[in-house]
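Letters A, B, C, D, E and F name the chains as they come in the text, with residue numbers starting at 1 for each one.
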C-alpha cells in the first residue's frame, strides 16, 4: 500500500494506448523483475503515452520528470529548505518515487547533466538504493519502485550521449510510427474526426516522413496529425489546418515548404 | 471567472490591429481547442500587437514574458522566497497564467535556455499540467489557459534553435510585412500623420527591404516608419526624421548608409 | 513633480556642451514623443556630456548606468534584500527612473548581457511598461520617463552586437569629433588654457586620428587633449604633458609611438 | 569497534563473488598495510561487487560514492548547514568513513572534478589525514579506514585522466570478463536460470565482445546477460529477451544491430 | 582631514625610492589636477614601490588592490552582509578610498573582469562619482581621492586588454629597469650588501635581460637581485645564491638554464 | 611564542628525510631572511616530506594546502559564516599561518585559480601583509611566518603556468630522484624491508625512468617502490607486488606494460 505522498500522481483514467508490438508484455516482464527500462524512439510517437498507460495498467503512481541541461542531481534527489526552525530536507521527485513505490519516468535523460545519470546508478543494480549524501541517508527502494527513461537516438551526438556504463543498465524497448491503419485509428479517436479524414492526414504524414533526411529533421508526428484534425474539426478549412499544424511548424525553408505543400495538395485532391 | 491575481494583466482598451489574412480565425480555432500557438515572423511586424489584440478579443488577461539567455525555468515557474516565517513559495508569471487562466506569451522563446522549453512541454499536450518539482505540486491548467510563443526564423542558428520535440507541439501562424496600403493605414493612424506622408514612408521601407540580404540584416519595420512619422509630426524635417528613425539605426556601414540615403532621397523628391 | 527618490540624480549646474549639428533639436523632438534614443559614436567624443546637458535642459534627473558583461537584468530592475522582517524589494536604477520619471542612460549597452536588452523592450514600444516578474508587478512608466542608450560602432563584433529587434526600437543620433575650431574652444575652456595652446593640441589630435586604421585603434579623443592641457597648465612642459596624456596611453607599439612622437614634434615646432 | 554512524553501511549478507585470480589476496595485503587500491576494468565486469565482497569479508562498513563532474570536494568532505542556532558542520560521506573507519569506495573517480582528487592526497600517504579547511580541523584517519577507487581505462581521454601524482599513490588491481564457465556460473546463479541457458547467453556475449572496436564501444557485460536471463525466466521468449536486454541497449546503428542480431540467431539455433 | 577608516592604510615610514626620470613631477602634477594615472612597465621594476613612495610624499593613505580574473565589481565597491538586524552594507576598498580621500591603486587592472573597469569610469572624468547601484547611492569622491592603475604591456593579448574607452581616461607613466649604477645602489641598500657585490649582481641581471625574447619571458628583475644579495649576505655561497634566486626561478628549460648559468659564471670570475 | 590556533599543525615527530644536496642550508638561509621558497620537481620525489622535515627542524607549525582548480582566494584567506548573532569571520588556513607564524605550504600552486596566486603577492615582498578586503583588515605577517610553494615543471602548459610576476618573487630549490644507494636506504627504511630487496626495487625504478618520454609520463617514484616493498613484506610474491604497485598503476598501454614487465623480469632473475 502506498502513502498519500504520491496520490496526486496516480493515473486515474485509462489513457488510450494502441499497442504496436510486444511492448506491453516486455514492460510487464521488466516490471515483474524490477529491471529498469529505456524507451527509444523519435519525438511524438507515443513514448509518454505508453508509460502513462503502463502506470495505469500496473496501478502505480507515475512521476514524470522532463530532463534538461540545467537539471542537477539535487533537482531529482532533493534539497534542504530554510525553515523557521532551521533547514528542512525536501525529497525531490525521484526520491518520492523511490520511497513510496511509484514509477519514475525521466524523459529525454541525455539532456540532463551527468550527475543526474550517476545518481540513478545504484537504483539500477542489485543494490536498489538511492544515497542521499547530503542527508547521510541511504534510501532503500520501495518494492514497487520502477525506473523508466526515454531516449531519442536521432538527437544524440558525441557530446551528448549516455555513457556505456549507464546504457548497459537498462532493458530497451523500440518505438516507431504505427502502421497507417493503426495511426488513423489513433488520430480519429484523439481528434474526434471521422476515419476517412484521419486516413488522409496519415497519408500527408507519410509523405512528410519521406522527406526526412532530405532537409527535414523529422517528419510529421502523430501528434501533429491530431492537431490538424482538431483544427479542421473546429471549422478551419482542411488545407489551412494542415498548413498551421504541419507545414509551418516543421520547417522555415521555402523550398522544403513548397515540397511539403505540394505533397499536401496531392493528398487533398 | 478569473481571480484578481491577473487583473493587472487585462487588456482594457482594444489594441488597434489590422488583420492581413486568416490569422484571427486560426487563432480563435486554436484557442477553442486550447492548442498552443507559435507566431513566426521578422522583428517589428506586429506579432506582439496581434497577441494583445487577441487577448482583448477573447477577454483573457495577457502575461508577456520576454525570453533571454539567462532566463531559467525558475523565472517562469516560481521560486521560494525567504520570509520571517521561513521560505514562502512565489508563483512565477507562467504559473500565474496557468493557475488563473491567462494567455501566456513567451516572446522569442529560442533565446531562453533549454530548461525553459522543457518546462512548457507538459502544458502543450493532453496532460495540460505544470509540474512544480520544488514544491511537489502538479498544477492542472485552468480551462482558459492558453500558451503562445514567438519565433523569428531569421535569427535561428544551429546552436540556437527549438528542438524538434518542441516545434511539433505548436500550431504556427506566419507573419510578414502588410501590403503597402494596409501598412500606410497603420502608420498614419499610429503616428497621427496624413495618409500621403505615410505612403511615402512605406515607399522608403519597401526600398530598404529590397536591400535585405545585400548587407542589411533586415529592412525597416513598420515600427520604424511610425517613429519617423512621429518625429516629422513633431516638427523635425522629414529627411532628418527618416535619417534618425531609419537610416542611422539600421546600419553603420558607410556604403549601405549611402545606398539607403539615396533611396530615401529618391522617395522624397 | 518628481518624488525625492531621484533628487540626488538632478543635474544642478549646466554642463558645458557645444552643439555640432541638429542633435539638440532631434533629442528634444524625440523626448516630446517619448521615443527612445541611441547615441552612436567613438569614445571620448562627448556622448555622456551631451546626455547630461539634455537632462539639465529638460529639467529631468539623469540615472546613468555603465553596462558591462557581468551586469544582469536584476542589476537594472531590482532585487529582494533580506531584512529583519523578511525579504524586501529594492528597485534597481532603471526601475527608479521608470517609476519616478527620470532619463535613464545605459552607457555602452552592447557590453551588457542579453537579458538586459530584453528587459528594456516593453519600455520602448507603445506599452511603456517594465515587468518585474519576481515581484509580480507591471510598472507603468512615469509620463516623463525617457530611455537613452549609447553605442560605439567601432567596437561591435559578430559576437557582441545589438539584436536587430533592439536596434529598430531606437532613434539614432550620430556623434563624431567636432570641427577644429569648436574642439579648440572646448579644450581651452575645459583645461583652462589659452586658445592658441588648445589649437596646437587639436592639431596633435588630428594627426593621431590620421593614424587610425594604420595600427591605432582610435585617435586621441577630445578628453585626452583636455588632460594634456591641464598637465601643461599645471607646469609640466608641453612635450612631456602630451607624452603622458596622449602618446603613452594610446599605444605600446614602439613604431607607432615613434610615428606619433614625430607628429607631435612637428606640431610643437 | 566502530561507532553507529556507519551502521547503515555495513554489508550484512555475503555478496556472491566468484574470484578470477589473486585479487582477493592482493586486496587483503593492501588492506593490512592500509595502502590505497585502484580497481581497473570495463563497465559491468564486477568491480562494485568485488569491493562489496571485500567489505563483507573484512567486516568493514562500505561507503560508496558515484563520482560525477559536478561533484565538488565539499560533497565528499562536508559542509556547513544553517540551523536555528547558527551554522552546523555536517560530515560528508568521505569524512564519515575516515573518522569511523569504513572503506570508502570512489566509483569512476576521473569523472569528478580535480578538487576531489586533491582532497584525497593526504589520505594516501604516510600522513593519513583529511584536512577540513573550512572547519579548521585535521581529521586523522581511523586505523581501519581504507580508500578504494575505480577507473575504467577505456573511458579516459587527454582531458579527463588522473594526474600522475594521483595514480602513483594507488596499488592497482586489473579486472576483465571472467572465463566462459565462470561467467555462466555467475549468470545462472544471479538470473536463477539453468546452466545451459546461461552458457548460451555467455556465447552471445563473446560474439558481441568480438565486435568491440568494430563500431561497438563495449561488448555485452555480465550484467546484461543476467538481465536477459531474468527476462527469459519471466516468460519472455529468449530471442525477445536478448533483443531487449542486449541488442537494443548496446547500439542504435542499424548495421551493427543487424550484425549483432545475426550473431545472436546463430547462437540460438 | 581624513576619517579614521583609512588610518591603517597610511604609509608611515618613507619607502626608499630612487627616481629615474621626471616620474615624480608628472605624478605630482597629475595629483594636483586629480587626473587618474596609469603606471606601465614590466614586473619587479618598482611600480608598487613608486606608488607607495608617492602616497607617503603626498601624505595620503594608500589602498592597494591586486586585481585577478575572479574579482568582481562588488569586491571593489562593496556588498551587503547579513547581520542580526538584516543586511548591512559594507564599503569595498575602492569605496573607502573614494569616500575618505585615499589613493586607490589597482594593480594589474587588466587581470580583472570587465565590470571592474567599468565601475571606475565615472571616477575618471569630470563627474568624479562612484554609483553604488545596489545601495541607490551616488558617492561623490572626496577632494583628495586619486586613482592609480598599473599595466604590464608585455602581458596583454587580444583577449585581455584594456578597452580604448578605459585607456583614454588615464595619464601614463612608463617604467623600465634603472641604469646600472642606480640599480646597484638600490640592491646594495635593500639587500644590505656592499656596492661591489651589488654591481656584480646587476651585471648578471643585464646578461639575463639580453636573453629576453630568446626564450626567456622576462630577464631578472631588481627584486631578484635583492633576493640573491640577501641569501649571499646570509652565508649562502654567491653562486648558489644566484642559482636559487635567479637561475632556477626564471626558467625550467635546460638549455636556457645552461646559457644563464654560463653567463653567471662569467660574471663571477 | 605561537598561539594555540596552530597547535594541531605542529610536526611533533621528526619526519625521516635524507638530504641529497644543499637544500637544507638554502632553506634555512631563506627562512632566516624570510624569503618565500618554491620547491620544484616531479611527483613522489619527496618535496612534501622535505617541507615537513624543515618545519620540524625549525620548530614551526606547518599548514599544508593542496591547491586545485576550484580553490578560490576565500578558501585560503577566509570567509564570513552565518552565526546566530550574525555573520562571523573565519580565518582561512593561509590567514591562520600568517597571523600566528606558521609555515604555509601551497602544494601544486599552479593548479589553483589566478586569484589565489594574486592573494599571496603582498606576502612575498617587503610589505609582508595579507589584505582581507571583505573584512577591511590588513593582516601584518607574524615575524615567524614563511611561505613555501611547490611546482612540478613537467605539468605546466601555456594555459596553466605561474605568471612571471609570481615566479620572480620566490627562491627556488630543485628536486630530483636521489642516487641509487640513497634511494635504497629510504625504501628499506620506509617499507621495513632489507637493503638488498630495496636495491632490486631501485633497479626496477631506474629502468622505468628510462622509459620516460618513450610513452611513460613519469617513471616509478620512490613512493611506488615503498608500496611494492610493503606488499612484498606483507607476503605478496615480489613479482605480483611490483605488478600491483608499479606496472599496473603507471600505464594502461599494453605495449608499455609489456616493456615494463620484461624490464622487471630482468631485474628479478
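Rule of thumb we're sticking to: a residue touches a chain if its C-beta (ideal position, glycine included) is under 8 Å from a C-beta of that chain, and two chains touch if they have at least 3 such contacts.
This is a predicted model, so every value here is computed, not measured.
When you average the Cα atoms of each chain and compare centres, the chain farthest from chain E turns out to be A.
Both copies, chain C and chain E, contribute mostly unmatched positions to the interface they share, with under half of the numbers common to the two. Taking each chain's centre as the mean of its C-alpha atoms, chain A lies 30 Å from chain D. Centre-to-centre, using mean CA coordinates, chain B is 60 Å away from chain F. Rounded to a whole number, the gap between the C-alpha centres of chain D and chain E is 52 angstrom. Of all residues in chain F, those that touch two or more other chains are 82, 84. The touch graph of the protein chains shown is a ring with every node of degree two. All chains form one closed ring of contacts, and listing them from chain B in the direction of chain C gives B, C, E, F, D, A. Of all residues in chain B, only 8-9, 43-44, 48, 64-71, 75, 81-84, 90-93, 96, 107-108, 111, 152, 154-155, 190, 217-218, 220-221, 223-224, 227, 230-231, 233-236, 240, 244-245, 248-250, 252 touch chain C in the complex they form. Put simply, chain C touches chain B in their complex at residues 22, 25-26, 29-30, 32-33, 35, 38, 40, 72-73, 80, 82, 84-87, 113-115, 117-119, 121-122, 125-126, 131, 133-134, 136-138, 153, 156, 163-165, 167-174.
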